[in-house]
Amino acid sequence: MAGIGKLNKLSALEIYYQATQLMQAYCACIDEDRLEEWPDFFAVDGSYELVTRENADRSLPAHAMRCETPGMMRDRVVSLRHANVYAKQYFNHIVTNVLIGERTDSTVSISTNYMVTRTLAVDGDPIVFSVGRTRDVLVASDQGLRFKSRRVIADNDRIHTLLVLPI
Amino acid sequence: MAGIGKLNKLSALEIYYQATQLMQAYCACIDEDRLEEWPDFFAVDGSYELVTRENADRSLPAHAMRCETPGMMRDRVVSLRHANVYAKQYFNHIVTNVLIGERTDSTVSISTNYMVTRTLAVDGDPIVFSVGRTRDVLVASDQGLRFKSRRVIADNDRIHTLLVLPI
Amino acid sequence: MAGIGKLNKLSALEIYYQATQLMQAYCACIDEDRLEEWPDFFAVDGSYELVTRENADRSLPAHAMRCETPGMMRDRVVSLRHANVYAKQYFNHIVTNVLIGERTDSTVSISTNYMVTRTLAVDGDPIVFSVGRTRDVLVASDQGLRFKSRRVIADNDRIHTLLVLPI
Amino acid sequence: MNAPMKPEIDQGQINWPASEEMQVPYQVFTDPRIFDQEQEQIFRGPHWSFVGLEAEIPEPKDFKSTYLGDTPVVVTRDREGVVRAWVNRCAHRGAMVCRDRRGKADAFTCVYHQWSYDAQGNLTGVPFRRGVNGQGGMPASFDMKALKLPPLRVAIYRGLIFATFAAEGEVESIEDYLGADVCGMLDRLFSRPVELLGDERQVMHGNWKLYSENTRDAYHGSLLHLFHATFGLYRSTQKGGCKMDQQGRHSLLTATKGEETKDKSATKGLRTYQEGQFALEDPSLLAGTPDFDDGISLVILAIFPNLVVQQIANSLAVRHIHPRSVKEMELVWTYFGYKDDSPAARESRLKQMNLVGPGGLISMEDGEAVELVQQAIARDGDATSYIAMGGRKGEAQDNLVNEAPIVSYWDYYKRAMHISSTES
Amino acid sequence: MNAPMKPEIDQGQINWPASEEMQVPYQVFTDPRIFDQEQEQIFRGPHWSFVGLEAEIPEPKDFKSTYLGDTPVVVTRDREGVVRAWVNRCAHRGAMVCRDRRGKADAFTCVYHQWSYDAQGNLTGVPFRRGVNGQGGMPASFDMKALKLPPLRVAIYRGLIFATFAAEGEVESIEDYLGADVCGMLDRLFSRPVELLGDERQVMHGNWKLYSENTRDAYHGSLLHLFHATFGLYRSTQKGGCKMDQQGRHSLLTATKGEETKDKSATKGLRTYQEGQFALEDPSLLAGTPDFDDGISLVILAIFPNLVVQQIANSLAVRHIHPRSVKEMELVWTYFGYKDDSPAARESRLKQMNLVGPGGLISMEDGEAVELVQQAIARDGDATSYIAMGGRKGEAQDNLVNEAPIVSYWDYYKRAMHISSTES
Amino acid sequence: MNAPMKPEIDQGQINWPASEEMQVPYQVFTDPRIFDQEQEQIFRGPHWSFVGLEAEIPEPKDFKSTYLGDTPVVVTRDREGVVRAWVNRCAHRGAMVCRDRRGKADAFTCVYHQWSYDAQGNLTGVPFRRGVNGQGGMPASFDMKALKLPPLRVAIYRGLIFATFAAEGEVESIEDYLGADVCGMLDRLFSRPVELLGDERQVMHGNWKLYSENTRDAYHGSLLHLFHATFGLYRSTQKGGCKMDQQGRHSLLTATKGEETKDKSATKGLRTYQEGQFALEDPSLLAGTPDFDDGISLVILAIFPNLVVQQIANSLAVRHIHPRSVKEMELVWTYFGYKDDSPAARESRLKQMNLVGPGGLISMEDGEAVELVQQAIARDGDATSYIAMGGRKGEAQDNLVNEAPIVSYWDYYKRAMHISSTES
């Protein structure tokens, strides 16, 4: 997706399409285990956070994952690749209900619903691992839309076994 | 979404986008527990019905929920808020496969597939609560598209524990 | 959907819309048990294959279902209707993350994520039957877009009980 | 009985206090061995279990598959129109023979080896019984008549179909089993030909007897279910009462629109009895013409072991209890109207489906209540409930603030299960 | 053996009729204690269980993880190329050591504390065994040799790998265990080097022995599976037969394209034997050149306790039974061809994968059949099946309308489990 | 105790070797009857179980619901500010009374029949206790005081709330229960008022005692968790040690930044001790100012039976173990800081949440390790682990390469469960 200039020059429809494609490329990168590309979906000052509704509803800051910079994201990927021990597993992201929110010259807010299944590569049936909503702010860049901030709010406050991959 | 005038003036693409946004705002209102807004997604003469495939396939009229007017919807919301006893829970709507059907000057028929997970706020893992298809008729209004009628047909004929929220 | 001529005449957005509608009509035909129409979503030289990630990752050719021609698809439907014994069941396709890939004059590659639930008509709760990604090549035809090839790659290598319907 | 599958509970293992009040040890809701015994002594014992309505299989060759306790059974109407029932398990190698929930057939063929049976469950065909070319086939000892789908005895009262594993003489006639009061109410509710409106299915993650308690419990009605109170529709200190059969196993709760109590002291401070803060925006929900002129607006008729018949305003239904395990049950609601309903009457029944069932504005709480108990008692099989409202002895009551039918239910349960109280 | 974990079933608890026909009490499919005993007396007893094909671990250092019964085991090929097998449970604190389904390694390091083992399961490394700076570490009594991954004995026949918990002498050689007929068929099927085509995995919600019956059951073939009949492709009154080993535990079913019976009386009225109403639109599905010139087009070879080898037209596979609980099993299909297959031959095998496996047009019904039985018998452990087609005694038959291999299977099962019939 | 619900394990049924090393029979992780006994003899026995932090219910009328063992309990702060605890099961018919995870209330009303209780669990209201118009109501024998929510005794140490089923005198005071070393560490960690940062919940599909071992296991730290090593951040041959209380049931592991061992022989070949191959791109993750000036950078304090208190760099949390079944537990992480944290300090704690918890870069492996054991031992209740690192006897150690706290844990467990070793 080439540079797209001022967002407010684009029709709602065009933004919807580009936001959808961004979201879908983002999910594909995780589901196809191309984690090294994950940080590239964020702006240079982009941030990522995964929290539970239990904490969010109480305005408590505890999180399951928080990367304040793409660097922290890359550090996590290195750790997952070289340090951490976990069963080989696949995420499958079902992301839908992309709802276009506020727009500025350079950003657009969107929300989505998601469901992520986790399937263990050995002896695994797919489990509904996490469900909830995301609140993202997208920004235009020369590569097209990128995440300025992504916040995932899970309905389920429980994590089974461990949390390996981002959502 | 502002008034959109005659639907047949809109491109299929434009209708698809607006129908999708309506559907997604509708789901967000339920999933974010803004139930009081739920009836507002319907036209003044709008109606809602939730049935199972078991009954629908036999052309039997029994339903799990049927609101023939927005007033009945508001009554249900008041009851849920003030009368009924149920465990705190979250729905998460995954709605996709929005398929554009027949169009008239003022209405468009759409169908979708849905999956709703229910997560209990206390000690809850997400369960696949209901899956199936919807058949909706949308109508243009000054606020944009609204449901003239919404019919949810669940594949699963079983409801676990109880049915609190609309789909 | 009428004939759409050269694909490269269409905007990305238009292709996205048409690809989405094709996918959604395809799913509806299976979920509504109109199997006889299933082969018609393929080009005359279209093919279908369902494999597991376990085999695909090893580049092994074993598959769960492979129809090299629409004729083989029709033979399978006849067999399901007249020969095979299985519990009455419903699939529900959640297909999303439609990502537009390479385009040529006459074809477009797309990938999607899917989740299929299976609900037995008797005593059945919905189960997450299969999740994964699809890699499809679509081709323009007089009836609009059709599948030139469809490859479904399931994350889960296990099939519960038996596999009746295509994905 | 097969020892390892269904171990006997010996008396010493159930600790049931012989107290003035009824104190039920929670073990009866959590112990799988007790569940197994209930299948033998209750569902396969000297009782009539509900298996469906004649209206579900109105014509010859109609059938439905269902459960008696947790045993899969099929109810059929044979060519002569006689209702039959049998266990849904092939006599050959045990496959489920009938695989549809309902349909039309006068022969049932097992898919595995195509043994076929008639509507009575008699074996009528065995492929290759005589082999091929004189090879294979059944031995001389093979006797078609000796093999069949295990038959159940059937009894019908007012269009309700009951079945039993018990032999003639082991259980009384259906009329005697139900008793005069129950029969009287069924006569009232089923005096006109019924028409099916459809089914709802609700899974409750709790023991089936918690629901038996719930449907014999006049006490909870106005306290758990706040819909009417919230909308200022009525006070359930209204007239009403409950009756039991002589054995105390069935329960008939009725309420009548009418005079309210003046006994404000009894309701002081109860949320239920505040003025309704809200009014229905669409009152058509409750606008129905009474079906009966006796003023009875509520009937909850619980028939042991697995049936509840309801009349809630204009909403009519039978609820079939399917105990799936010691901690899970499925409740099948079959709604009906009368064939001669006016369009308006039919419309009222459908509107009022919003009041009952798993999503019913009046009744959705019952599933919640059952599960709240199951969750809280998990670890405490030796603790007990305390059931005394309305006094210990389970006698008919002219009020709706008692637990008498529950007390008599448990007294009967102990007899049926051969459980005696432990001296304390 | 650990009493509480695996209670002995005492004779009085299984009621197995000593009838003329074979009548199997359904309890053997539903009682968890019987499942536990099977693990001890069958899967850990004097039997050889299939654990994989040599072709899955062709080179030194290749390994695969799998199950023997429900015990996780690993099969490795050591540096010298010798196949080894051991239980996948660390000698330290019990963690699963090998966490991949397959791979290449000649050392296996447990992730928990990095104890490492060689391909034979010998303990080769223990971090901090001698502590740090003279502190901590293992006591003097520590003996590396005494701790290992519990080894299994391995035997290979024609590239099929079998393993056993039984000591030398407790079980016969693999050749004697299989017997001449089974060995003969394996010689036939594995005469050429095999190439893996991939796996399919199928979960059946039924007891593993229901599948053992199914694969020894010539009787059901033409009655349950209607693909051929529907497309008018053949009648399974074709020539065929079944053989068992001397112990009666294995079963070899074969069918030959050829003459059909003229015995119309035997097939009268059976749907299977109507004229095929349909024709394949794409017959390439079945267009394959026979792999063998002996005319045998169907082989179902069931090897006790956990293997089925199949030749269905050109489709070749081994099916590995993994019993997961008393009411669930996983079946792993491993498809193969021959290394020297022509492109056309390979293509036929892949096309014909549409006929078999969990989605196979011919065979998908078997999973359904297994579950139909499990569902129907749940409450009836003391009821029994009736197995007599082809006569009581389990002798080889020259036809496909008998249950002889099933009868001999159960006779052997009773011996292996030390169950005797109860006099009736 | 209710025999059938919680069968006694008789000695003969547990085979615990009386060996020089600690060999734990895997049965203790897989036998449901042992789980039931643990509920009686450990969680309802003479022990103090953690139920929450005072900071979770800082004000009068605050409450939280949680579990003690697998019994649902509620912890409240009454109007006078006194902390109370009771079993969450209504005295009437057993419904769960408190249905929220936390909130503010000084009266608790059961939804089923609106019986109401005060914050101490005393029964304060029973609707229709005296009936209506003189009908119904409770019998004369009814005694409000006799019925209550079963109360627990509560003890508080440094803001940590403990509760017990044991009566006064059956269990020592909380100070004596914890012992001097544990109290000392709690004094250190809870010297400043705490502020909640939030919770994380992790389900581990393994027995709760596997996690008890894990948190008493200094040995695995540097071998299973490779984050630091990978990024070259430290070697865990750093100084450290472990202490136990006199009974050996609690464990206090600490590590200090500082001198490394020169004992290269001890770490030769261990992946952990290779040079770190990577560097953090964003080192702010670990840039925090120490909270304490004693140089202790790691504290894992495991308090029997259900609490772990952690200090990992600047990350502070209590971990509450909720055993859900013999093979599943839930771990609730409650993170906290100090009320007087500087913004920078608070930011460090939040950043470092990335290191711990179910997705923690340092610690995510623990959940995996617990499950790897549960999976591998399923069939082998009579096999045992081998725990000897650092010698058999469970004495305090000045190093981090020993299993001494695990040995003493099991010694205490056997005493608490009245299990004696079998002579071998």
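Brief remarks follow.
Residue numbering begins at 1 within each chain, and the chains themselves are lettered A, B, C, D, E and F in the order written.
FYI, a contact is a pair of C-beta atoms (placed from the backbone, for glycine too) under 8 Å apart; a residue touches a chain by one contact, two chains touch by 3 or more.
Keep in mind it's a predicted model, so treat the numbers as computed, not measured.
Common neighbours of chain A and chain E, by the contact definition above: C, F.
Averaging C-alpha coordinates per chain and comparing to chain C, the farthest chain turns out to be F. Across the two candidate interfaces, A-C and B-D, the one carrying more C-beta contacts is B-D. Where chain E touches chain F, the two copies mostly use different residue numbers: shared numbers make up under half of all numbers in play. Note on C-E: its contact pairs, compared by residue number with those of B-F, A-E or B-D, agree for more than half at B-D. Set against the C-alpha centre of chain E, every other chain centre is closer than that of B.
Centroids built from CA atoms put chain D at 49 Å from chain A.
If each chain is reduced to the centroid of its CA atoms, chain D and chain E end up 44 Å from each other.
Centres computed as Cα averages put chain A at a distance of 27 Å from chain B.
For chain A, the set of residues touching two or more other chains reads 13, 54, 85, 87, 94, 96, 115, 121, 128, 157-158, 160. The set of chain F residues touching two or more other chains comprises 99, 101, 111, 224, 365, 368-369.
Chain contacts in this assembly follow no simple pattern; the graph is neither a line, a ring, a star nor complete.
Chain pairs that touch one another, listed by label: A-B, A-C, A-E, A-F, B-C, B-D, B-F, C-D, C-E, D-E, D-F, E-F. Residue ranges of chain B in contact with chain F, taken from their complex: 85, 87-88, 121-122. Those residues of chain C that touch chain A in the shared complex are 12-13, 16, 53-54, 94, 96-100, 111, 113, 115, 128, 130-133, 155-158, 160.
Chain D makes touch with chain C in their complex at residues 65, 99-101, 111, 203. Across the complex, chain C is touched by residues 101, 196-205, 224, 226-227, 229-231, 277-278, 280-282, 284-285, 330, 335, 350-351, 353-354, 357-359, 361, 364-365, 367-369, 371 of chain E. Residues of chain F touching chain E in their complex: 9, 12-15, 20-21, 25-27, 30-31, 33, 213, 219-220, 223-224, 237, 261-263, 265-267, 269-272, 365, 368-369, 372-373, 375-383, 385-392, 397-402.
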